[in-house]
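In the two assemblies presented below, subunit A is common to both, partnered first by subunit B and then by subunit C.
The block that comes next holds the complex of A and B.
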C-alpha cells in the first residue's frame, strides 16, 4: 500500500528521503572537500541527517543527544582544532601518493558491498518486544541494568579531560630539539 | 517496496550505515591531515551507532538496550575527539604542520 504524495504519510516519507540525502551528501562532502572548514560543514550536515534517522527509528531522546553532543560539542571542538592549527590555504588532499586514492576507493567499496550484501541476504528474524523503548525505559535501565557502565563512562570522560589538559600543558612546558 | 515507506524498512538503515562506513574508510585512507582523519573516524563511529539503532528498533526484544549503547558510543566519541584534538594541537606546536607525512620523528 503506497501513501499518496500529499497525505501525512507521504510527507513523512519525503522528509525521510530528504534527511537520507542530507546524511549521504554531508558524508561525501566531509571526506572529499579540499578545505577542512568545508569538510567540517559537511560533517555537521551528516550528523543532522543521522539524527533524523534516529528520530525515524523511534527514539527522539537519542536523536536529541546526537544533535547536542555531535553538532554541539564535537563539531565545535573540531572547529577549534582547525583554528588552532591553521592549515591555511594549503592543499589538504591528494598528491600524497598516486596510489592512495585507488587503494582507499577499493577498500571502501569492498567493505560497503560486503556489508550491503550481508544486510540484504540475511534473513532477519524479529522478536517480540518486551518493552516499548520509551525514554522512561531507557532511563530506568540506564540506572539499574547498565549503572556500572554509566558510572565508568563518567570516570572515563573525566580522565579524558584531564589527559587532554596534561598533554597540552606538557607540550607547552618542555620542547625537544627539532 | 514503495519509496515513500522506506523509513519503515530495516534494509534502508543498514545500507545507509554501510555506505557511511565505506565513506569514512575512504576518507581515513586518502586524507593527508590529522583533522581530516578524525572527521572520517567520526563518520565511521556514526555508522556503527546507526546500525545499533536499526537493529534495536526492528529486531531486538528489548528496544532500550540499543539506545543506551548508542549513548555510550557518543560519550566515547566525545572523549576520543578531545584526546585526539589535544594531540593534534601538540603535534602542530612541534612540527608547525598537521600533515601526517611530515610527522616522522619518534622521541622518548
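The block that comes next holds the complex of A and C.
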C-alpha cells in the first residue's frame, strides 16, 4: 500500500528519496568536480546521504557514527590537507588520456552488472534480527567476539600517529642542519 | 500511531521558531549585558527596553543586497551560512526539555547532538575558502584548528559522564540525577557519581563549549569587535546574519547539554514550578554566564589557545576518564 502523499509516511518517503538522491548526486560531484573543494563538498553530501540510509535501516547508532566520524573527522582532515597544501583554484591538473573515460565506464558497468546479477539470482532468506543493534550490544560484540580486530585497529592508528610524527621530526632535523 | 503530517510540521516549525527567537533575542541580551558591564545603556531606543531591536536589525539585514565577491565559489558561498545554522536546529530535535516534552527521543540522543555539532566545522571551512580572500582563509584555518582541538577534550569529558550514567539517552541521564539536588552530576560524593572530580569535569566541559562556539575569551576566529570579522569577512546582509544567529543558537545547544549532563536537566532543586521551567532557568543561567565571561575577560592568543587544549585540557580530561573508570571499578 502506498501511503498518501500528504501524510507522515508520505513525508518520510519523500525524505528517503531526497537522501537517496543526495548520496548519488554527492558521489557524482565528488568524482567529477574540477575544484578540489567542490569534490570535498560532494563527498560530505554523499556521507550525509549514506548516514540517512543507515537511519532508515533502523540503526541510528551507525548513522550518527557515520556523521560524527566521516563528516566530523575525516572531512575536516581532508579540509586541513586542502588548506595547508593550498592548490589554489587551479581547475584541473595534468592531462588525461582520452581512453580513461570509456575504460572507466566499462569497468563501472561491469561491476554494476555483476552486483545486480548477484542480487537478483541470490535466493534471499528473510533473516531474523541477530540482536537489537543497540549501543550496548555493539560494545559487547566489539569487546568479545571482535576484540582482535578492535585491538588491531587501535595498533594501526597508533602506527599512523607515530609515522606522522617521525616524518615531521625528520623534516625538522633537515631544516636544523641547513 | 498518532503521528500525522500536521504533528511533524508543527514540531519542525516550533523548533525553528524557538531557535530563531533565541538567537535573535540573545543578541539583544548580549548587547544589554555588555552595556551594563561597561556602564553604558546599550540598545534601549526601539520599543520598551529596546526589545524591538532584534526584529528591526533582521529587517535591515534582509533589506540589504547580498554581494558575492568576484572569483568566489558561488554555490559554496551561499551554502556556508545555511550550514552554520543547520546543526543547531537539527540538535533540538532530540534535546528533551522535560520527561515528555521532546520532539523525538532516541536512545542515542547524546551522540546525535554531538554528531550534528561536528557538522558546524564544515561551514567555517566553506565560508573561509569560497570567499576567495586571504584573510578569511587564514581565519578559517585558525577557527577550524580551534574547533578540532577543543572537540577532543569535550568528547572525552562527555564519555566520563556516559560511563557514570551508563546510558546515551539524555532522558535516562537526567532521570538518574533526579530526586535530590545532590544527585546532580556536578556534585561529588552523593548521588550515583561518587566522583571527586565531577565539578572539574563540568569546568572542562564548559571551557570546551565556550571554545567550540567561538566565544570570548576564545573568539580568535572572528574577533568581531577589533579585527575584520574573520572567516565571514566577505558576507553581508542575511548571510552574515545567519552566521551571527548560528553562533547564538550553538550557545543555546551548549547550555542545554551542560544543563542536561551536569546540572540535572529538569530535576527541581525544590518544587515550586514544574521541571520544564527549571530546565529553562538553568539554560539561561548558563548563557548569562557565557555573556558575562565574554565581557569580563580579555582575548587569548592563538598559541595559548591551542596549548591550553593540547597540553592542558586533553591530558587532564584523559586523567579524569581513567580516574572515573577506576572509581567505578572500585565502588
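Annotations for the structure displayed:
Note that the second predicted complex is superposed on the first by the 163 of 178 C-alpha atoms of A that agree within 3 Å, B and C clash if a C-alpha of one lies under 4 Å from a C-alpha of the other, contacts with A are read in each partner's own complex, and residues count from 1 in each chain.
Criterion: contacts are C-beta pairs under 8 Å (C-beta built on N, C-alpha and C of every residue); 3 or more make two chains touch, one makes a residue touch a chain.
Computed from a predicted model, the values in this text were never measured in an experiment.
With subunit A as the common reference, subunit B sits beside subunit C without any clash.
In the superposition on chain A, A:60 contacts subunit C only, with no contact to subunit B.
Of the two partner chains placed around the shared chain by superposition, subunit C is the only one that A:83 touches, whereas subunit B remains out of contact.
Legend: residue contacts after superposition of the two complexes on their common chain; A:72 is shown touching subunit C, with no touch to subunit B. Comparing subunit B with subunit C, more residues of subunit A are touched by B.
By the touch criterion stated above, A:41 is placed in contact with subunit C alone, subunit B being left untouched.
Smallest inter-chain Cα distance, subunit B versus subunit C, after superposition on the shared chain: 15 Å. Subunit A uses residues 10, 61, 65, 73, 80, 82, 84 to touch subunit B in one structure and subunit C in the other.
On the subunit A side of its complex with subunit B, the touching residues are 1-3, 5, 9-10, 12-14, 16-17, 20, 23-24, 27-28, 30-32, 36, 39-40, 43, 46-47, 50, 53-54, 56-59, 61-62, 65-66, 69-70, 73-74, 77-78, 80-82, 84-85, 87, 92-94, 96, 100-101, 103-105, 107-109, 111-112, 115-116, 119-120, 124-133, 137-138, 140-142, 146, 149, 153, 156-157, 160-161, 163-165, 167-168, 170-172, 175-176, 178.
Note for the complex: subunit A touches subunit C at residues 6-8, 10-11, 35, 37-38, 41, 44, 60-61, 64-65, 67-68, 71-73, 75-76, 79-80, 82-84, 89, 134-135.
Taken in their complex, subunit B has these residues touching subunit A: 2-7, 10-33, 35-36, 38-40, 42-43, 46, 49-50, 53-54, 56-65, 67-68, 70-72, 74-83, 85-90, 92-95, 98, 101, 107. Against subunit A, in their complex, subunit C makes its touches with residues 1, 3-5, 7-8, 71, 73, 75-76, 79, 106-108, 111-112, 114-116, 118-119, 121-122, 125-126, 129-130, 132, 137, 140-141, 144-145, 148, 151, 168.
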